[in-house]
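To keep things clear, I will list the structure first and then write my remarks on it.
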């Protein structure tokens, strides 16, 4: 499972980084979203992978590490705020520079 | 768990999954968008509905009442037609291809 | 119990939130609120500096003890940086309330949140909480950088934002890996646990630590991660650019904190793992910043590159690693932050006087009003930033050079630092000569000189001679700072041994 | 205190002239003179000690750890220099009072001058070498201001900049030298440094130190090849030139040579470097001076030459040579100051300095002419004048040195050559200006004698030339003796200041020089004709061009490496990250740790593959943005499923709601953006990007796998153990969020609130163009509010609010919480916006979302502050169980109030963002078709 | 303050009360009180969003309608499953314009929903004048029959429940 | 027995999801893709419900409910985008 998980993150990251390196704002933001998915999954996995042990206290003997989950929650929220800002910035770029090129170029 | 309920749960599970699968199969197989629309709106919705019912029975039999799953079904039944309508409208807007033998015409609104 | 350590964070947070709540309330009210809240940071910081003895002050948020809860740790370094920020911010606000705040909505709220983020980053003793404060200061900085909009700001803003978004992703990966291997987030606890790390796991932690270095390097604007800075800072509104003089220092602070206290002498195979990388990077930054300064076509651009130069200088000092070098670097940090801030504000004043056609472009423009005053301020600022006597820049360089000893490191640092000084003399004299001497009588100017804005410049510039006059007590303080920084074991012990407020558990 | 006062007085009085300026010019000059006159008095009060051979050192400790003390030293050498600086300074002030025109801001001039004077005094009186560096660079800075005083003139600006760059740059080298010197010696105090000459000379760093110090010295005293700044510094007002060339600036260089003589001299390296430089400068300056048509130019090159002479004398490295050098410093100061003043008078009275036009002034201004002629004769080394005495000593010393071995004859030869040129140019100064026919086309005609007071300084200086020349024993001997002995750091050699030493070789050299000099002068026309054909180097323009080239190079370089390209910046960043982390990862003994991996099940495998496929599809189809977006939401869904799969229901909930809001946001944005992405990168570029992306993916995979297969010991146990007892909740994740690490959450909601405010600011005033058709050029549907959706959305709103209430209330004990509840509320409201439009919704829900977000932060913050009332730190939580009739036992926790803040912030910020984005289309301009 | 403004949507309140019990996984005193409170509060908070609520005139008929639809849904699924699994070439898809007698938006929505959930039909759109419904059928051999079935089975009862004044 | 039935069902739902994704990739038009996405959401609910039963945990109910809500909102938003361009006007 761990290998599959790690490979999945690899593919996610790869797709995200490839998009990150595009020249237009929109794909870059999409890429950043993919990267943040990968990063959230990564951070989450740092508490190791557990099946059926949510950290909701009952009479169970074992629970997943709740700390990375809390961290990821915070990271997701922050990531959302950042993505929203980046998107609106892309719009601002379109408005001010009349181009959605990341460097504000009119023609490539 | 009482075996009757167990059997019932198993049947509901299989039925539900089968419907879900058929709905998705229809989505995959049918020739045009409007026809594909039928699979998910009905089969999948009901499939999930019966899975949920199975779950309710299952957890109730386990001792903890799990009625709230019914809400999912309720919600799905409420929303699926609207989703379908919205998608159909969108499809009409973008003039998706449809099989030639289709009688009647979509609207231009 | 004393809640002083958390006030530098809560004060701007509540002020910012209140400013959001105050909606369409009078602008005068907002300005006053913002100014007061910022001014209040100075006594807060001074009190914290005064309290910073040999021991640390640990404030456990939620009364949960480290390593479990989040702690704020006040040591000499954080108190010092709070003070640097407070003074810089005060000057920036004074400048801003003369009209720059009206270039867009929500300026004051964003400004306060920016302060909250910066102060939080300086105070927190928890690595993930540092991430959170980074994000606070970043998102506020995104907005402040774009304050007033316009194509130049948007263009460089896009770069700044997107780069930092990716930086945040790296930060999380690094923090995650650290937690995944070491199992904790508190910096003191990390330091203790890393000291006992198995050889098997050490490279993983090393990789994570180096990813952090990239993140901090981006904030600090070191080669090859600084490229975004010159255009962004040059495009920002003057009070924002001035405040941003501290932003690069947040990166440097983090480098200092993490690589002396977590990966300091106690870290076994990982001890000082960043220094060997930092040294060439710092020198390259110094060189490239200098070249950029020479090439700059506007005063704003020049100052932005000078900021890069200061980052290179300061990082070079830090990577020397010795006690003396640390003292020198910290002195230089304080100096360069204030002076670069002053220069940004001054560039703003000059741009306004020259009008929108000339702004701070280094071409003959209209004669400036009060040339003796403005010229004098520019002269003083330039001397200070170049590092010529009798101002603080000179002392800073002197301290750094002296700490380099007479070995290989000196052989690199002396020529580069002094050569950079020479180039900056050339750049500075060209700039001053274009702005103040080579006036074009036919050109028509912009606004009249605004006294309050000039006051904000003077406030910051005054710090430079004061830093020289009171160099000795200042260096005593920095000496204690360096001593604290170079003793990670004691830091870890003090943080981890802190006691909850009576009642325990907090209930 | 006295010494400090001497230095500080001009500094303190720096603003005096500015204040006095409005009260009249004479008062201004008088106010300026206050400091030097007082200084002179103070200096004189120390004279007895100095003339007794004593050294006055006064010091205060300042920055101990730097070895930087405020310590001053007065000995013979510094006394001599201080005397020159103050004395000539006073004369310059008097002179300038009459020289400056009414248009020149006099106050500014004098305050610059005082600043400069203070700097010079500081240089010569500092006991601490670092302190001296303070003043050393200050001389460069203040001279920059003085040279650039007439800033409207391009020559002045360029001259000033050049002087600053050369001397300031040299100063930096000197600083390095001084720092190293201090490290070698262990102190920056001169007394210690001067006493450790042997240690210094034997140290491995000695050559480095020497070169660095000499760089400072040579640039300052305009030695070849750094001499070129000096002639251009004469763009300064003439009083400044008089001051810079005689007692100050250039003399600071040779002063330092004298000052450090005991510490650094007496090695071969010293001898070669200093004497060769001195010789080159001596000869070059003397030759060039002859060919100047500009009166001040001639004097400037003559200064260069004389400073070369002094340098050469120090370089000869004998005690007698050093004495001669000190003597010549004095003499040169007097005659050069008077010559510049005379030149200034001529300039002032004729309006030009071109010697081709100025002729026969004897007729118009005989008094000035006499003074100038005496001074020029002193410069030429004519007997009975002071210049002769030191020149004789110089000739003598050139004959005494043998360190060049068989080539030692070169030194006296150079001396004679320079001597004859100096005779020639002095003669030119006299003959060409005061005789040689009639004036040609003078701007001011006829010239007449200047005001009486303008000549007084010249008279005093010329008088000194004569007095010293005639009666050296009575005038200068004592001063020279103490100064020279201070220079040598001990006993003086035997020397005689007699005018007549009998017929000897030096006298013959003088004679030859005089004769040949006269001949050369009379053959000047041929020489000039020859000189004109030499390639002319205008140092100022060459230097400017050089700097401009440098700037252009820098600009080109910066443009290349910083090329405005985000993609490049990102590549740099990615490469950095890969490099530094890869470096460590390659040292991993094994990728896999000791923990065995768990079994994969079919459904998980399928979902993982689907996730990967969707991620890849998002990238592959990025050109069709909406398709890419749909793929992205598939990825988001599977990420949520992954969270659920691996025991994180809270995360799944959060991910789901955030993802859906994000997709809505992206669609809102996409409406105004191009719907497709053009192909812009080359195949190579895409391949490179793919490679980097692959490597980054590999990095994450490796890190993840390596960590997951390793055991770890985390602080998690504490949270699990204390969640219920300490935090009052069974959902440990939620308790961490609102209690254990509530401070993080506080920050997190602040981020959200800021984002709301920031986006509001970003959107305000933004005008975008509104596409009227979709990509296939179809006009948008008119049915903006499909009524099935409208009706359903109205039913969903109360239901969703109820669900969000449910999620909010149970969050502490079961998956859920304020954040998710807030997002559900927000989504339900957004659905109203989607279904019924902005206007309709705003009309029914007129709340300012700023307030909501702000209130959320305030409530959460106040909850935190509330614990202060009970003496606990920020955010300390409390909870209790209350039994309520009928309802049963319920739990109330402060954490819930905190969570309410979270809830409000989330709703406020999210809607602030979305509704403002939605408003964009109202202000949007219709896209031209 | 009228009763209406305090209690704007009684049916909605009831629905919310039920939903809360479902959410709480059972009925208890506490859940009833909370449900009632929410059932009162939420409609007050949101009634501006729903200015023109539907009125239920014959709840019993409505319940009967509900059960019929439920059973039809079940049947519909088997029907559709058959159609999907069978050879799709034999299918006769069609767009059918269904003339509406219902007038109230909510009831039209309800009808459209019902049509979508039941055998082989999906309501694609409502005309802008709300007079006809566009239906897509997966296999429609006879349009008239389809229209008739819908009229009788679904539209009529809905008419009775929501728009009885007009019948 | 139930465990095995659940696993079989999981397999069926997995296959259904694969089919959805295939349609998603194939298109050909955007409505097809969105429809596929919508179906994927519903199948995801099925997956979650089955998982809850397999793990005997009722902690996943909210996730399922939320998928239903968010899936609907997402579908509606994209459809509105296709119809009208700006989804909030």
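For clarity, chains are labelled A, B, C, D, E and F in written order, and residue numbers in each chain start from 1.
Just so it is clear, contacts are C-beta pairs under 8 Å (C-beta built on N, C-alpha and C of every residue); 3 or more make two chains touch, one makes a residue touch a chain.
Quick caveat: nothing in here was measured; it's all calculated off a predicted structure.
Going only between touching chains, how few steps reach subunit C from subunit A?
The distance in steps between these two chains is 1.
If you walk touching chains, what's the least steps from subunit A to subunit B?
The least step count works out to 2.
Chains touching subunit A and subunit E alike, please list them.
Chains touching both subunit A and subunit E: D.
Kindly work out which chain lies most centrally, taking the average of its C-alpha atoms as its position.
C
Decide which interface, A-D or D-F, involves more C-beta pairs in contact, and give its chain pair.
A-D
Centre-to-centre on C-alpha atoms, which chain is most distant from subunit B?
D
Let me check something: if the centre of a chain is the mean of its CA atoms, which chain is farthest from subunit E?
Following the centroid criterion, the farthest chain would be D.
Averaging over Cα atoms per chain, report the distance between subunit C and subunit E in Å.
That pair's centroid distance is 62 Å.
Using Cα averages as centroids, what's the distance between subunit B and subunit E in whole Å?
Distance between chain centres, rounded to whole Å: 17 Å.
I'd like the Å distance between the centres of subunit D and subunit E, where a centre is the mean of that chain's Cα atoms.
Centre separation, subunit D to subunit E: 75 Å.
What whole-number Å value describes the gap between the mean CA coordinates of subunit A and subunit F?
Roughly 21 Å separates the two chain centres.
Multi-chain contacts only, two chains or more: what residues does subunit C have there?
Residue numbers touching two or more other chains: 128, 132, 135, 139, 142-143, 146, 149, 155, 158-159, 162, 166, 173, 177, 179-180, 185.
Quick check on subunit B: which residues sit in contact with 2+ other chains?
In subunit B, the residues touching two or more other chains are 23, 25, 37, 39, 45, 64, 66, 68, 71, 75, 78-79, 81-82, 85-86, 89, 93-94, 109.
Mind pulling the residue numbers of subunit E that touch at least two other chains?
Within subunit E, residues 19, 23-24, 109, 112-113, 128 contact more than one other chain.
Pull out all the chain pairs that touch, please.
Pairs flagged as touching, ordered by label: A-C, A-D, A-F, B-D, B-E, B-F, C-D, D-E, D-F.
Subunit D touches which residues of subunit F in the complex?
7, 10-11, 13-14, 17-18, 21, 24-25, 27, 30, 33-34, 37, 40-41, 44, 47-48, 51, 59-60, 62-63, 65-67, 69-70, 73-74, 76-78, 80-89
What residues on subunit A touch subunit D, complex-wise?
Checking each residue of subunit A against subunit D gives 1-31, 33-34, 37-38, 40-42, 44-58, 63-67, 69-74, 76-85, 87-92, 94-95, 100, 102-103, 108.
Please give the residue numbers of subunit D that touch subunit E in the complex, ascending.
Interface residues on the subunit D side: 782-783, 787-788, 790-792, 794-795, 797-799, 801-803, 805-806, 832, 841, 844-845, 886-888, 890.
In their complex, what parts of subunit B are in touch with subunit D?
Going by the criterion above, the answer is residues 75, 78-79, 81-82, 85-86, 89, 93-95, 109.
Name, in rising order, each residue of subunit D that touches subunit B in their complex.
774, 776, 778, 780-783, 786, 788-789, 792, 795-796, 799
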